[in-house]
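For clarity, chains are labelled A, B, C and D in written order, and residue numbers in each chain start from 1.
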Amino acid sequence: MTYSVAVSGASGYAGGEILRLLANHPDVEIRTVTAHSNAGQPLVQHQPHLRSLSHLTLQDTTPEILAGHDVVFLALPHGQSGQYTDALGDVPLVIDAGADHRLTDPAAWEAFYGGHFNDPWAYGVPELLIGGGRKQRDNLVGARRIAAPGCNASTVSLSLAPGIAAGVIEPEDIVTVLAVGPSGAGKSLKTNLLASEILGSANPYAVGGTHRHIPEIQQALKNAGAPTVTLSFTPVLVPMSRGILATSTAKIAPGVTDAQIRDAWQRAYGNETFVQLLPEGQFPRTADVVGANTALIGLVIDRAAGRVVIVTAVDNLAKGTAGAAIQSMNIALRLNESTGLTVNGVAP
Amino acid sequence: MTYSVAVSGASGYAGGEILRLLANHPDVEIRTVTAHSNAGQPLVQHQPHLRSLSHLTLQDTTPEILAGHDVVFLALPHGQSGQYTDALGDVPLVIDAGADHRLTDPAAWEAFYGGHFNDPWAYGVPELLIGGGRKQRDNLVGARRIAAPGCNASTVSLSLAPGIAAGVIEPEDIVTVLAVGPSGAGKSLKTNLLASEILGSANPYAVGGTHRHIPEIQQALKNAGAPTVTLSFTPVLVPMSRGILATSTAKIAPGVTDAQIRDAWQRAYGNETFVQLLPEGQFPRTADVVGANTALIGLVIDRAAGRVVIVTAVDNLAKGTAGAAIQSMNIALRLNESTGLTVNGVAP
Amino acid sequence: MTYSVAVSGASGYAGGEILRLLANHPDVEIRTVTAHSNAGQPLVQHQPHLRSLSHLTLQDTTPEILAGHDVVFLALPHGQSGQYTDALGDVPLVIDAGADHRLTDPAAWEAFYGGHFNDPWAYGVPELLIGGGRKQRDNLVGARRIAAPGCNASTVSLSLAPGIAAGVIEPEDIVTVLAVGPSGAGKSLKTNLLASEILGSANPYAVGGTHRHIPEIQQALKNAGAPTVTLSFTPVLVPMSRGILATSTAKIAPGVTDAQIRDAWQRAYGNETFVQLLPEGQFPRTADVVGANTALIGLVIDRAAGRVVIVTAVDNLAKGTAGAAIQSMNIALRLNESTGLTVNGVAP
Amino acid sequence: MTYSVAVSGASGYAGGEILRLLANHPDVEIRTVTAHSNAGQPLVQHQPHLRSLSHLTLQDTTPEILAGHDVVFLALPHGQSGQYTDALGDVPLVIDAGADHRLTDPAAWEAFYGGHFNDPWAYGVPELLIGGGRKQRDNLVGARRIAAPGCNASTVSLSLAPGIAAGVIEPEDIVTVLAVGPSGAGKSLKTNLLASEILGSANPYAVGGTHRHIPEIQQALKNAGAPTVTLSFTPVLVPMSRGILATSTAKIAPGVTDAQIRDAWQRAYGNETFVQLLPEGQFPRTADVVGANTALIGLVIDRAAGRVVIVTAVDNLAKGTAGAAIQSMNIALRLNESTGLTVNGVAP
């Protein structure tokens, strides 16, 4: 069967990537695209790279227009999806690319976002360990409401969960620094996102424990088995349109061997298609995952520093957002999990 | 008086930046430029941006040609400067931009570089705290042999030394991740330095405790007062020609207040021209120091993570190498320390 | 049926893109990958983005190893494919991504390349007008030997051929300036291709009529109907890994109307999938075609200057090289022309 | 003597570059900086690279605040400087970096800008030939009102004026294509100037004869001796923060020799500091002029195409705007013309 799909926020970067991937998906029909402020304009005016969708016109983002589809993707600013929840009650599958339904702890929501707390939905990171040898995939099969992950959050959570679950790293003094491309910030008209500000420069932001993906990572790692999670988290904007390179370090747990450490990741991801542990001595580059649904992980044990270093490359728009959403959709609809997705990046 | 100067390695990036700064220095005359493999060619063929030096021709790099100047800069690959030491015995001031004379510990040299160990020279980071309330500047006044620092090493050492010296951070579990531009790797013909490999990508290298600047940082921080230094150090190549953005975190020492922490850096650098602590809540971008001799430091205390986060921006070729060399030269020659140097970056 | 395929030059950029596209092609099996100097190494060591091909090992590039496949792609330096021609006599389809079989005029070959002249093969630009209302596609159906085009050459030829064929522009004073990414120059270890040289800079090369794609363009435009072609051609390297943005201008032929001019391109490409004329007032960006097999054309008539301006965006590795090769393969094998290819770019 | 200076538009890119250069100028005191919407904020909040000016606070841009200085720089959006003219009547030297006082022809102003036409001021491109063997420098000595040039316009005018003045090229079918960095468009919050839109892409704009610098070029070339000027002009945004690489071609005039052509540029610029003709076979890169006041020109004669190709590199903010302004100020004030300016770029 072919599923009818609506995508809101279709003029933005996340919406655009959802559409790019859906356009290559054999089991869906993109019937409706919406974008509040640009309603009435051709989609291709805002997404000139989506040539195969040049027949589509942006409509207004209203519950009425989104209702009546088999699948609805919400790619809206944080805090906006809640208003559609009731109206979309009859839609079999709703996937929110925003943050509204990711957190299970109202206090964390209040501390980092504020405003109305929405009930949590199934978290769209299938490969994430969630304790008891299970993965988040199990929660997605047949799910009707899915929260696609934060791009930085899922990258870091996938980096660390195997070591946490296996008890080979300590969750209490994690340090993560990320090189990220500006598309993760969306198509926002802010001075610090202008090309002249980004080109030729590395710019830190949300330094010192204020980034909104921190509670999301803590939640995921607790689900993986950590009693508490302490995390120093620093993102750095660098001049590439897409990509996250997350360097995460955690203390080696007492008494574990190098083989035990490496084995934790190998067991977690050895059978996964989209999350891959690279051979020893190899580390990923973000170019290798551009446009792909792949998270590539390089791992090294630095005994002198007493830390495991995990470097993970993800395309923030693909595996970080839209790819995760579509992979989760596939699972929810019991399609082949990799339909419409690729493991190969566009490089150089 | 005007000092006659020779610069070896003049066709490379470090040599080029030394020349760019010297060309703007009122007290020197650039008399000789050398570059082994390109001898006989006009300098400007290899440094087409140095228009004011278009009269200079590259000569062979030999002790004879370098001798007889007031100041000689060695910008040669590691391990090559030792051979010139004896022959340049009569040169009043020799400044080595390579690593050969930076380390005081032969074992560290052997572990990270190997080959012949050279005696250490005065380390060219004037603002670095070296215990007893003194700074490295004191060792540079009147010095005849100076080792310019490693660009990453001096960036990280300047980031952390104030907290170490004041005892407000712990030196035993430092984590540093750096976004660095490829010019730090020199004009080497390596596949991973090709533009197609770097553009649009973040590429980690020397992950897991293997980078050669690690012992240099440990040495500097021990000089600042740390009994031992444990450091996880990960550099990431990003698509900007110049720049280092070093994000360093260290554990907060027990019992210290936020004011005590911030005060350590304020006292260390409050009177410095070229190392500046930004006001609370501000963090530097590498664009802000392009071409400048400035190290800009942003600092935040993340009590939830139990760590101080120090983000420092440096131009690897300027303050990281050539600027440090010329600032040290000024001090050695008892000139005004900032002659020929600027605090203002070229941005955007 | 599934066609067995061998790709030589598999460690380079053109070879890598051929493989990336073939990996997504349902009718081929990539059986053999070769690369002379890297034989014995895993393909993925040189193409770390091609995760789905991580089972392949590079073999030596010899006639014996390449023989025995249904399709052989040659992605070798210019002048090297000729030696394989005889040995591959039994291979049903050979596609050369190099220049050896593109030119029909031995004098042009001698003037721009030199060395042994090889017989011309079917030119792999299906949409190119070749006179008499025909397109080059006709020559590719059932072809056994195909020369994939030069990336700049096909971009410019597709830009201008409709106007030449319709007689609405003059072929005698064409001026083209191209912004091109460095991947078009291959994975060559040359100083001018280093990231530090390309980042933050626009660098012209082959200025003044020396670029090797000039005779290829002249040949294509003569085939489209021009008695003679005069072309000023200047490529400029800019800091993007992929992409060609070709700005071509030609004089308006006497007496033609604006509608007649626009109509020439509309008629030529109105029914094409991969070459698209944008609506009036719109111009393409190279980002819109990254990874896609699309050539996007914007056209404006500047009566004050007396010239038509045609701006065309192409991904040099995709539609410019590997996409053209695979599209041509599809035609030669009488498969659906767009199998394995996409019109949608990866943007932003 | 020390001249007191005020700079309006000090929070923008042009204003920032004027300040960066003035901060290095020994004969001026930057007394006042203004920026309408950011009045009351520290300058360094908007120009964090200008460390030496961290004592300055932005004031409102009013005639009263700007009056009373020896020199006033206006770096305001087009159409805004006219309102200050009367109020600044007593200011000895006013330099406008905007377009308001560049054009002498009200019809050209009306066609490309519209709104109130202001009287033309002395055009701030000292090296520009203006007929009779004279240069624009002559008009700047002692000038009280100066219009700094458009960055693209001065680049193209300097490229072509020598050939026009000498009669060795034809002014009637010039074609210019420019690779330009986004800083030329200012710190404007427009979607097409976002980093995600610019990174990895080449984007044409103002295609087809609509760019506002066209009449400025025509005016300059007419002043150099052309009866009429026909120009096809296409700018292309590329991912570098600064820089213009203008590729200009013009038809070779009948009967002239190669030596005569080259000699025209050699005579025009052989004695100039800031406009330099490169040796035969050499072409400039924009990296070579970053931060410098230099225009570097490469020239080749393409007899096959019947055209001279002139490739010129300029830093749009430096020689293209702020450098031109300060060089003109030096001339007007009868200071050494190169005070505070450098010929050396910041590369790589």
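One rule holds in what follows: contacts are C-beta pairs under 8 Å (C-beta built on N, C-alpha and C of every residue); 3 or more make two chains touch, one makes a residue touch a chain.
In this text, all values refer to a predicted model and were calculated from it rather than measured experimentally.
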Any chain that touches chain C and chain A: B, D
Chain whose Cα centroid lies at the greatest distance from that of chain D: A
Gap in Å, rounded to a whole number, between the CA centres of chain C and chain B: 45
Whole-Å gap between the CA centroids of chain C and chain D: 38
Residue list for chain A, restricted to those that touch at least two other chains: 13, 183, 196-197, 199-200, 239-242, 284-285, 287-288, 290, 347-348
Chain B contact footprint on chain C (complex, rising order): 13, 181-183, 187, 189-191, 193-201, 239-241
Residues of chain D touching chain B in the complex: 13, 16, 20, 23-24, 47-53, 183, 199-200, 241-242, 276, 282, 284-285, 287-292, 294, 296, 342-348
Contacting residues of chain B [partner chain A, same complex]: 173, 175, 177, 179, 196-197, 199-205, 207-209, 230-234, 236, 238-243, 245, 247, 249, 251, 283-288, 290, 298, 300-302, 304-307, 309, 311, 313, 347-348
